[in-house]
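Presented sequentially are two complexes of chain A, the first with chain B as partner and the second with chain C.
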Partner chain A sequence: MTEQLLKIRGLKIEGKSDEVWIPIVNGIDLDLKKGEVLGLIGESGAGKSTVGLAAMGFTRDGCRISGGSVDFDGVDLVTASAAVKRNMLGKRIAYVAQSAAASFNPAHRLIDQHTEAPTQHKLRVKAESELDGMELYRRLRLPDPDYIGFRYPHQVSGGQLQRAMTAMAMSCRPDFIIFDEPTTALDVTTQIEVLAAIRDIVEQLDTAAIYITHDLAVVAQMADRIKVLLRGDEVEEAETRAMLSAPREDYTKSLWAVRSFQRPAKPAISAGATPIVSLKNVSAAYGKSPVLFDVAFDIHAGRTVAVVGESGSGKSTTARCITGLLPPSQGYIEFNGEVLPLDYRKRSKDQLRQVQMIYQMADTALNPRSSIGDIIGRPVQFYSGLTGSAKRKRVEELLAQIELEPGQYIDRLPSELSGGQKQRIGIARALAAEPQFVICDEVTSALDQLVAEGILKLLSQLQDDLGLSYMFITHDLATVRAISDDVVVMKDGRVVEQGLKAEMFQPPHHPYTDLLLSSVPEMDPDWLTNLLNGRGVDNIGDAAVGKM
Partner chain B sequence: MSWLLNLILILIATAVVAWVFRFLGQKFTHNKPFFRDMPFAVAFGYVAGLLVLIAAVSYYFRPVEVNGVPSAGVIFFRWAVQGFIGFAIAAYLFRLFGRAVGTAGTRKLFRAMPLTAAFGVLVILLYAIVSIFAGSIAPYGQEEIFANANIVPGGNPMMGGDPNFPLGTDQIGRDIYSRLIYGAQNTVGIAFATTCLAFFVGGSLGFLAAIVGGWLDQILSRAVDVLMAIPALIFALLLMTIASVWSNQLGVDRTIFMVLIIAMIDSTRVYRLSRAVGQNIVVMDYIEAAKLRGEGMGYLIFKEILPNATAPLLAEFGLRFCFVFLTIASLSFLGVGIQPPLADWGTMVKDLSQFINFAAFAPNVATAPLLAAGAIALLTVAVNFVVDWMLHKSSGLKD
Partner chain C sequence: MGSIFQIILQRLVLGILTLLIVSVVIFVAVNALPGDFAQAILGQGATEEAVAQIRADLGLDQNYFMRYFSWLANVLTGNLGISFAQMNFASNMGGDQLVGVVEQIAPRFKATMFLAGVTAMFAVPISITLGVLAALYRNSIFDRAVNITTLSSISSPEFFLAYILILVLAVLNPIFPSLSNVYEGMALGEKLNRTMLPALTLTLVVTAHMMRMTRAAIINLLASPYIEMARLKGIKPMRVIVRHALPNALAPIINVIALNLAYLITGVVVVEVVFVYPGIGQLFVDSVKIRDIPVVQACCLIFAAAYILLNLMADILSILSNPRLRHPK
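What follows is the complex of A and B.
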């Protein structure tokens, strides 16, 4: 019964860069039996997605398969003709992309896109496959399964869209599906719904799958076996449980150890101390629609306050109020006991200097046409008036502080740096202003875990050295656990709960905090099953809402 | 209806040959992916392309004269093909030259340059040199009038030419070759100045609207909408009529009015583009970071936005230059542009246009107005090639 479905041997893929072919994947072997789920993990650039696509005999533009074979049920997809592949793809092999929102055609209804593959492959007529689509929507626990298909992609939420995409991949009952980071862009609470739905339907329909992700805890829930990739090479492969309990290679161990970073607890806040930043009942609105209601919390000197919540909860809006980009409609903000002007344009240069931001996407936060020296040098010159060699010396100091070799990086452009290095430059730019308070807006969520850990350690080190205070916006509770001293939980523009970290991770919680905490995937492969049993399996989405 | 029947027969024959071509290709290459995955339409395209090539070559080698009557079509086609091949070779050599000489940066630029772009750069360079050194290159002055009017181009006395005037003279006896060279200076120079002005005005206002937004954006954008709603050429004609009155009253050269008017009309298009590009850039976090630092408007526009908008703006500059250039030529052709006796390509086409009717039996005579028209066309094509290349490069950089 466990017959071989996919057999990849010595797969080599090259990508073209500046007219030269550079190897991306150097000889990977991969086996998949019917109904088996293989987890493919690694950092970005490890070649996970490239291998995933190659399993369909497909490469991105500018890439080519330079060697090896991809044997799917007796057909070598590398050498197969376009006609053979066309008959195979969609029907027997399906693909679920990371961003469902970008992968659906916004001009057509969900069900019309759903029925396209079965009618094209002449498996079912349109009416029949519409009914089948509704059945799949029901199985994937989408709300209102009989009618949701007649909506357009923008009319359903991100999590629902991701499930609709899974349903679409299932429409021809393929033998094999490739999931390319299907939950990476989702909130933890939404992620659970999608994970459970995918796992159930893969089990029910006995589909084989490759599950690509960089999140170990997620892959632990989904996969029977795990394969670890590093820069186009296989590191190791084992059964999920064996891999989790006893990883063999050092690299795998380091991946596993990432989540263990935790900075030592700081002494409690002395009573009566003036907080460095204090939000006094701040409400704010975008135009006429209110987004923040009575938000009030304090950030004390030398401490890190983590603001957590799902997207749309008002975390970033709070940051925009503090920086003055969005003047609050009610309430005000105190800095060291002084009231800050609401609009940033009315603040003095020194007040602007004291509050700095580090952004989530280092790509958009650094001017791509400015050299690193200019990016960091500008605030140095702007605030302290240093020019010429004094400025350059200060920039070099800052680069050394963020652990980058000054001579090597000062003249580079942001595009010549890796994601983690760019984020470090973002930190250096904030430090260049010599602030007391730094807002970190999801600074690690776009990074690989190993790199993110490096950034967290750096931020923690800088806090010890310079006595900075951080407001750390994140939706990742592992990050909260690692770096924060105090926690503020937000939902729908309100502060739901706040307190010391130690208290927040101990019950009793506010029900929403509880939901948030329990939704963070853990490395235990039974975690999802246990959680679902605990919450009631029928409809976790409803269960989540019911708990509110 | 026989031509329709012929066409259908040719299409059917092409389709059959295409099918055979693909089938034989598959047989002889043992199903190489190139032939195996070739759609029928692609095979059809190959065969049809080959047919067109054969037709072109056979037309090229048809006799130039039949019973003493020159066949103008063949002559012009030969010139076109020779010009095309000549320029291709020149562009290729130019690219080779660029790859071998210069700094590492320019060499790299030339290595990645397609032949079309090399052609464009070469032509633009030629025009630039000609217009800058017009005074020393041209054998006669642009206003110099000679006794012999309407000398036929070619310099062959047997056919009404004169070796002293290789491209002939116009209807009042001015040397066409010299006027072409001076025309480069006048037309291209004025077009360049106009485009620069349009970009300065439109670009800064567009970026300003993008950064400030709100009512300023509304006022500027609606004003631009109103200006753009009026057909450009008619609007320009209208304004030029008013300007001609003013220029007499104020004693200002009418050309300056023309530059201002065309710059204003074209700056609306530049405004739209720079506002759209600017709006995409101002939402970036680095702009927010600069704003929060307390930076002023000038720094935001010139240090943060402009460097990131260079690629689309440069591409637009090339296109806009062509349009401005054509507008000036059109206005001159209509008689309200660059004023005689200054040499201008548009005016030259207008003055000699009646000779185009001679094309059928005296190709040499008809060449006179076509030279100026050709000069306009060549520059427009060249600029577009360079713009295409820049667009391609800038879109590639984003990846």
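What follows is the complex of A and C.
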């Protein structure tokens, strides 16, 4: 148990940007013993994945290891030849990627990809390796373990793929696995089963691991020790329990405190008030496949309604129906008591103005070739007819509203801005129309927690100043807790529960809401164990959802 | 699987529809050529009466609609008509041994297909192999050498390449004959021997395009997470490219191959002339010169059908190369 497996000393990595090498990782030390799990956490850009890959002696294109050593069981992977490294990879060191859907080759069946490493490294013949694959699938609690391997990646769900990828990493029984955000792309209920499966198999096979994540609650369940990174530097490292109960550094403390922002919920609406937006039994379909069934809820002036659910539950489709991008097949939408035309092309300019959207990926929602001034100026001109200096003045006002210095940003391109700043531009563009109602579609999901908190605070401030109403689509219950007044829970295109936030977070719940709430990882390192004991092994994730 | 058959059926119907539209375009274009057969054959000193007589004999005095539909009806029954030159010859010289356009084109078409087939057998494997190797050793000396060689060969005029090959492989080192006058009934070995120089010339012409597309399609995928995953499994670089990248790069490669094969069937007049190869291209050019409309129309129709058919096959193969369509959920 005390045998040293991996010893990284003074690891420095540089990345190429505009033909100049700039440092990404500035000298990291890392130790891992046999069978130990180390959690590596930090925000995006902290260098977590880069360090994880470097622990395999690997760098992505455009990066290079510029100093230090990566000693794996006596071999320095920095100086080792490609052939020596290739002989280690897959066999003694394995990797589990963030998105299993993208990391499985779409052209081959799961089992063929599973058996590739053992057969190529000449550890096992194919037939033997297939049987072993089925055994691993069984231990990772995949459904139909004897047959699921013969499917192609697109025929298997995300959570199952992630477990199949863990099985693939185990195929050569490596000494050491790198898990690079393996559950970040998954829904909370699916995340639990993957976490449980990974934890069990790592324990059973006594595999050492580096577990990379930005989610503190997840790392608390998985790791023996935690190392915190910030912009390529180590902040601190400690045993998991010690780190959670008594973080030493200010940065770590701030990470721990992120989830504290909470907007006081407004009281219940008085009966009889006209809602600003009201969905009347809306059903919708993509082509012939129905996706929404009888969705009905109200959004009142000056309030935030959080629409919660897993991917595929119909949240974004509901937004598309309200904006008129997808005309409902049945039902209709009222705005301030008036029926809106179903198709946006039939809506008046004023009706269009009243409903605006902010998108999840600010990167793709902003035209990369337009300056900030043009991006915000266009809706200003379109809706209010301002041109020239009047338009510029209005754009400057809007930039000030989203807390970006107008003179400094108005002539820049989106690519010169950070993720949080881009999202603020998305907000300003929505505000340019002077709407009463704004749909926020997962606006904080792509952002780091500290940045996300800033966006939530800004949205909350704007609501107070301008009297906006929000429909806040999210799968993150912490965000719901922070910003919403009312909550709508969706599943499979239907509303399963709705009410005031205060009521939603108090039992009794609809069983699905209960499952969602209890699946959100907590900072307590015993949370997963306790939860699994409470639910029983066969009653987590997909299995539990299926029983609803 | 039902959906795949549906898609293929849909493409087939679309292909036939395209061919029908193309037949109109061909007819209009051919008839828009200045002058007609009567003027072309009789020359400048022709009398009005003689020209009118020949026109009446050939049916050129009927209106466009009549002529289009009677042509179309004949084509649909497999009758491509009779060459004007043949008819004129027969009416002047007597004798009723009229050879239809079908009989006239058939041996030429077979020869063209033979040349295209031999070329494809060289060019396709060579381009894909070179493309894979260039992708594997990208930015190396090898990659650059392959790129420069294939690009220079595609940039040189075809006849220039042909003469160089004749010089090197027929004159200085007499390995292959410089004339490729193949005929039906010739033994296969001899036929191959005589076809070798034009086939090599065409291989040099089409390789660059296919090779560069193979290289680009593979390199495009090398940043994919599943390629990184394969590398992190310790798979050898060659296997990463051939097993992990190539199957996912097939669709664009298949399409470029189809385009080049279509070119081999329809666009090789210059090479045929240089090597005196009795292909369809030369017949086509000769017929355009004397406004021999039935032959020109038949050739155009064959070229159009070749393009449509090859693109159709490329479409279908691309669909089949996509596992999402081959194995629906």
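One rule holds for everything that comes next: the second predicted complex is superposed on the first by the 540 of 548 C-alpha atoms of A that agree within 3 Å, B and C clash if a C-alpha of one lies under 4 Å from a C-alpha of the other, contacts with A are read in each partner's own complex, and residues count from 1 in each chain.
In this section, a contact is a pair of C-beta atoms (placed from the backbone, for glycine too) under 8 Å apart; a residue touches a chain by one contact, two chains touch by 3 or more.
Just so it is clear, the model here is predicted, and its values are computed rather than measured.
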**Message:** A:Ser445 in the overlay: touching chain B, chain C, both, or neither? Say first, second, both or neither.
**Reply:** neither
**Message:** Is A:Tyr344 touching anything from chain B or chain C once the two structures are fitted on A? First, second, both or neither.
**Reply:** first
**Asked** In the superposed arrangement, does A:Ser81 touch chain B (first), chain C (second), both or neither?
**Response** first
**Asked** Does chain B (first) or chain C (second) touch A:Tyr152, or do both, or does neither?
**Response** second
**Request:** Classify the contacts of A:Thr364 with the two partner chains as first (chain B alone), second (chain C alone), both, or neither.
**Result:** first
**Message:** Taking the superposition on A as described, I'd like to know which of chain B and chain C A:Glu116 touches: first, second, both or neither.
**Reply:** second
**Prompt:** In their shared complex, at which residues does chain A touch chain C?
**Reply:** 53, 56, 58, 60-61, 85-91, 94-95, 97, 99, 102-108, 116-117, 120-121, 151-152, 154-155, 168
**Message:** Under the definition above, what is the set of chain B residues touching chain A in their complex?
**Reply:** 31, 33, 36-37, 112, 284-286, 288-295, 303-304, 307-308, 310
**Request:** Within their complex, state which residues of chain A touch chain B.
**Result:** 19, 81-83, 323-325, 344, 347, 349, 352, 355-357, 359, 361, 364-370, 378-379, 382-383, 429, 433
**Request:** Could you please specify the touching residues of chain C with respect to chain A in the complex?
**Result:** 223-226, 228-236, 239, 243-244, 247-248, 323-324, 327, 329
